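In structure tokens below, several structures.
The two complexes that follow have chain A in common; it is paired with chain B in the first and with chain C in the second.
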Partner chain A sequence: MFWHNFKNCMKVTLKAKVSIFWTLLFPIALATFMYVSFGNIMDNEEMFKNIDVAVVSSGEEENGLMVVIDALSEGDDKLLNVKEMSEAEAKQALKDEKVTGIIFADDVRLMVNESSANASILESILSSYKQNEYAIKDIMGNLETAPNEADIMAIMSDVMADTSYYTEKSTSDSNQNMYNNYFYAIFAMSCLFAAYSSVGAISNLQANESGKGMRKCISPNSKIVFIVSDFLSLLVLHFLVELIALLYMSTVLGIEFGDKYPAMILTLFVGSMIGLAIGVIVGAIAKLGFGGKIGILTAIGLVLSGMADLFVNGVKRAIELHVPIINKINPAALITDCFYSLNTYDDYTIFIQNIMIMAVESVVLIVIAFMMIRRNKYASI
Partner chain B sequence: MGTAVEVNNLVKRYKDLVALDHFSLKIEEGEIFGLLGPNGSGKTTTINCILSLLSFDKGDIQVFGKKMKPTSYDIKKDIGVVMQNVAVFDELTVYENIDYFCGLYIKEKETRRKYVEEAIEFVDLADYKKFLPKKLSGGLLRRLNIACGIAHKPKLIFFDEPTVAVDPQSRNKILEGIKMLNEAGATIVYTSHYMEEVEQLCSRILIMDKGKQIALGTKDELKRMIKNTETVSVEVLGLGDAELDKLKSLPHVYDAGYEDGMLHLYFSGGKHNLIRVMECFKENNISFGRVTSELPTLNDVFLEITGKELRD
Partner chain C sequence: MQVYKSFFKVLNKYKGQMIMYLCIFCSLLTIFIKTSSASNPNGYKDKKCEFAVFDYDGTAASMAMISYLSETNKRADAGVIKDEKISMQNALYNREADAIIRIPEGFEDKLVSGEAEGVIDVITIPGTQNSMLIESDLDGFLGMTELYLKAGYSMEEAVVKAETALAETAEVSLPDGGDVSSHSSIYTFFSYLGWVMLCLMITGVASVLQVFGRKELKDRIECSSYNFLNFNKELLLGMITTGLMICGVFIIVGVILLKGALFSSEGGLYLLNMLCYAVVCLSIAFLVSKITSKQEILSMIANVVSLGMAFLCGIFVPVEFLSESVIKVAHFLPAYWYNQAALNIDFHMHEKMGSIFAAMGVQILFAVAIVVIGMVVDRKKTA
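And now, the complex of A and B:
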């Protein structure tokens, strides 16, 4: 009977083309949409392009700004693309958006048209120069004897030195592209959406909700056989959907998920499990109609996703500070944390812990669902 | 032959509404047992309680001599149900639907295939095996519904109003099929509010209303329970009071009515009542048109016992 029901559930789900289409389309469409929206910013190498800037200088300025500008506009990885111009030409170039800003070297002044990331970089360069210039002048003014050239160079070197008081240590050799987190969120939501399939299957097991449920209830079979075979059948299908989505993102969209694909695939498998198990437990609530169950499921999905930062940032951190246990049991948070830990750490401790929690949660939910409906006699049909 | 179903003192309440009020019945193996009653009388509730789908407040139910519980799998394997509403998978073909529901009872593949083919032949759906349910007419869908309920060859089959919204041709096929199932050894429990079907099909009939048993017996026994044994109706114009009184005074007439040119004479017992009516018309020179003589129906039984029509 187990395989009979397993095959039938798979056949019915596959033949309900609309449902399988949307299940598959959701992660693929959303991933494509995000990929198109992010565009080139996902490619780290493309993020820093040199900034076109006009410099207006009389050639007689009494500061070292031109030295700094020259230093920033040399080499293959130069930050600035400097064009020396007259003030009128520079203003015209700024107006025509040929340059991001104008640096007036004589009085160390910046002119930009609008605020932008590049304008902020220019502003930061000038601000930094002014601070250093002030510091050097202040130090030299406090010297008891007049500094010679070597002293001046030493002071300048000390002030200008970019001293770091910490050392950078990578937690992983894998790709740590921050934009991948958005794609992990898609997987998490897609896994949770599996609940809609299982709630339908379990409703078809309830005599008070469907004639098919009535037929199953009067058949000589234990409900656990129906629950487990439906669950596993849907798990296979949803896992395949997740794999197709992963394949699409990594090959068609070219998103680099690192080299931990087996662990990612395990996350998708267990994520599908917990998503389906949520649908099973909601489907087992006998006193609710199918519409009510869908409503509850939608609410649960939104709340869990919201608490896992899938909509806005900061909620998960607030929960971690005040009620950390919620993050330890929230499936949406567990799935995204699994991906995040794979993306960030070489160590698998958090990953394994989260996988175990989700697996246990799935089993517990299914057992509770079985207890709820195993010997159910309905008050009304 | 033993007892197929025994229900004792069953009480089922839906909040303040008493759906079954100390209801009892006993169905012997091999019979076609009719549950007759108007909509809302408790027929489907009774079946659902017997099948252990519905909880009940009081009473005891035994099927094939054993107490019926949700986990009575040994009893359930011998039960088939053709429910009121069509319950099939829209995504599966006619064959696949019957195969799936049959497979809930029959594990062995070859046996199942044989049973499914026989069920398809039985309901005459051989030409529609590969059709999806949405392509079938209402009558064909009903037949598919029946096939799904009986393919596993159960010993006890519940038919819960299987002919609702079915065309006459399909209805006759369904009723013929039920007789054949009974002849093959199945005990049939048939619920309906169509008295003609119950009269035609059932060996014993239980009439119920408001969750209570009103009457129980064969159709002849039920008809004998009431006063009326024959109703003679005559189309006649301008019947005077004196002539009506003469007709009322005929032997065995216990009531008469004349309205809109139709005379109805109600007899209780007696033979040759129609001849006596005709002789009276002739003696009094009364012109008349169409004449009919009707034996009492189950509706008359229901009407006399409850004071209301069966289909009210």
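And now, the complex of A and C:
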């Protein structure tokens, strides 16, 4: 009986297509759209590339700034891409966004379109030129004896020394792209939407909801066999669905999730489990119609995964800082947190903690649901 | 007007879903408008990075450096970040701090003896623009201080002198017309409308049209005495009324959220653009209702099509972030033209009036093409 029901539950779910769409095709489509539209934002927006800049100079007098600019626009790791232009050309180029800014070399002045990090870098080049100029004049002016050649050379070499006082360190070798949060949230949403399948299976167990439920109710089989076999069959199905989604995102889209795949797969397994358990408990509410149950599940799925950064990045972090307990209960946040901690930390403490919480939550939900469904008696249907 | 009346009776069944989309839209917009209005700089502003600092030296040199960096950048909330790996990883990943600076003991002595190269730890995401900015500020201050130290000044004098020298800054100006980087909230509102309008039309209008397209129902209506032309006329009228009603709801929402910004020549253009897009959405709803006969498939199509267009056409993600090839594909999607018109209204309303109207025209052409495809599909199915 167990295997008979196991097999048929899987068939019914596959044929219904609806929950397969919401747990597999929709997440894959969403991930593809997100990947295509902002998979490269980190490269475009945050990582430093050399800056296109127009230089307007009369070229008449000896200009120290031009020496600095030339030095910055040479070599393999050059900072600037310089084009010398007339003022009118430069302004047109700025308007067409061909250059980030215009440097007016004669009076050490900058014109930019917008406040941005690149504009700030340009500004700091010009400012540091002016600052060094000021400092040299200041030191020279305050010397007790008139500066001789050697003094000037010493100061100039100090200015040019360009010492770096810091050592840059990174905390993690892993992917630091915060847009990955969206992809983690897609997994969370997909796991929670597995509830559509289990709510359907539970309604097929209840005599007041479906013909199948009536037949199953009068059969001599124990309810626990039905529930367990349905649940396991759906768990296998949705676990496979999540694996396909993971495979697609990591190989076809090439999103970097890190290299701890066994742990990620465990996350998806437990994630599917909690998603199904939510469907079971909602399905067990006897007084609600099927449409109402689907509505509740959609709301639960969207709100919980929204709180785990599906729509707007930063929601989860804000919750973490103000009401951290919510993130320790919300299954969507737990799923994204598993991915995040696997990608970022070296040890598994937080990961194991999250998995444990999800496992306990799903067992509790299923036990409650079983209490609600068993021994249901109907006076009339 | 029997058909017209029953159109709305059927539509009434789907109002729950439509209200759900409307609520998601309103709450998202409220968040976006609140967050975007907080940062609306007028004129050029030096970009500030957030940094956290752990000072284990506590000398005049280290404190002067911190106070200089706090002026040029923003010091992050010290309570949240701790000098522990996990805490720093969280803060860097969530961009609460762009860099974390650790000043070791004995820093001042090394600076005086000229051995300070590389003594300060800067923990950051290597290669980001913000980390470069803070590092260049740090080097700038220490370089200047060392210059004065070598010229024979004491530490106290040198840091003061260095700050004076660093106060010299280059003049930065914006071209006439000002900052063109941040969008107005009215643009944000209408841009997101490109996503939710399509969702609403497909879940609402397409569902109703699907009901009227059901085989038994259609057969019954066709063999009744009801004039075929009137039947179609009333269906069309129902669609137009629904479209206008939805537009009306958006106008009310807009007036509430944007507080009167709609009542301007700019607002008028936005509304005109919205009406054009409403026609496109109705045509898509018509086509979708001809393709499928199952209700649950409708909500799948509604979500995939509307989210897909929103991501690819520059509604959820600004056009400048999209790759060239995505933008080329987007030219074949009506939402791209809707968004382009909105963009031009926001930035260059007076210069690009021609292209604004052209973009609206393209939308209407899309609508016509989509309706024709829908009719062909319908003909093929019934033939």
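Please note the rule applied: the second predicted complex is superposed on the first by the 268 of 381 C-alpha atoms of A that agree within 3 Å, B and C clash if a C-alpha of one lies under 4 Å from a C-alpha of the other, contacts with A are read in each partner's own complex, and residues count from 1 in each chain.
By definition in this document, contacts are C-beta pairs under 8 Å (C-beta built on N, C-alpha and C of every residue); 3 or more make two chains touch, one makes a residue touch a chain.
In this text the structure is predicted, and so the values were computed from the model without any measurement.
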item	value
First, second, both or neither for A:127, with chain B first and chain C second	second
Touching partner for A:58 - first (chain B), second (chain C), both, neither	neither
Touched partner set for A:219, first chain B, second chain C, both or neither	first
Touched partner set for A:251, first chain B, second chain C, both or neither	neither
Touching partner for A:344 - first (chain B), second (chain C), both, neither	second
Comparing the two partners chain B and chain C, which touches a greater set of residues in chain A	C
First (chain B), second (chain C), both or neither touched by A:109	second
Doubly contacted chain A residues - partners chain C and chain B	none
Chain B - residues contacting chain A, complex	14, 48, 51-55, 69-71, 73-74, 76-77, 79, 81, 83, 85-89, 91-92, 96, 100-101, 103-105, 107, 148-149
Residues on chain A engaged by chain C in the complex (per definition of touch)	18, 21-22, 25-26, 29-30, 33-34, 36-38, 40-41, 44-48, 91, 94-95, 107-121, 123-124, 126-135, 138-139, 154-155, 158-159, 161-172, 176, 178, 295, 298, 302, 311-312, 314, 317, 321, 340, 344-345
For the chain A and chain B complex, residues of the former touching the latter	1, 4-5, 8, 11-12, 15-16, 207, 210-212, 214-222, 374-381
In the complex, chain C residues that touch chain A	16, 20, 24, 28, 31, 41, 44-47, 80, 85-86, 88-90, 92-96, 101, 116-133, 135-140, 142-144, 146-148, 150-151, 161-162, 165-166, 168-175, 179-181, 296, 300, 303-304, 307-308, 311-312, 316-317, 321-323, 326
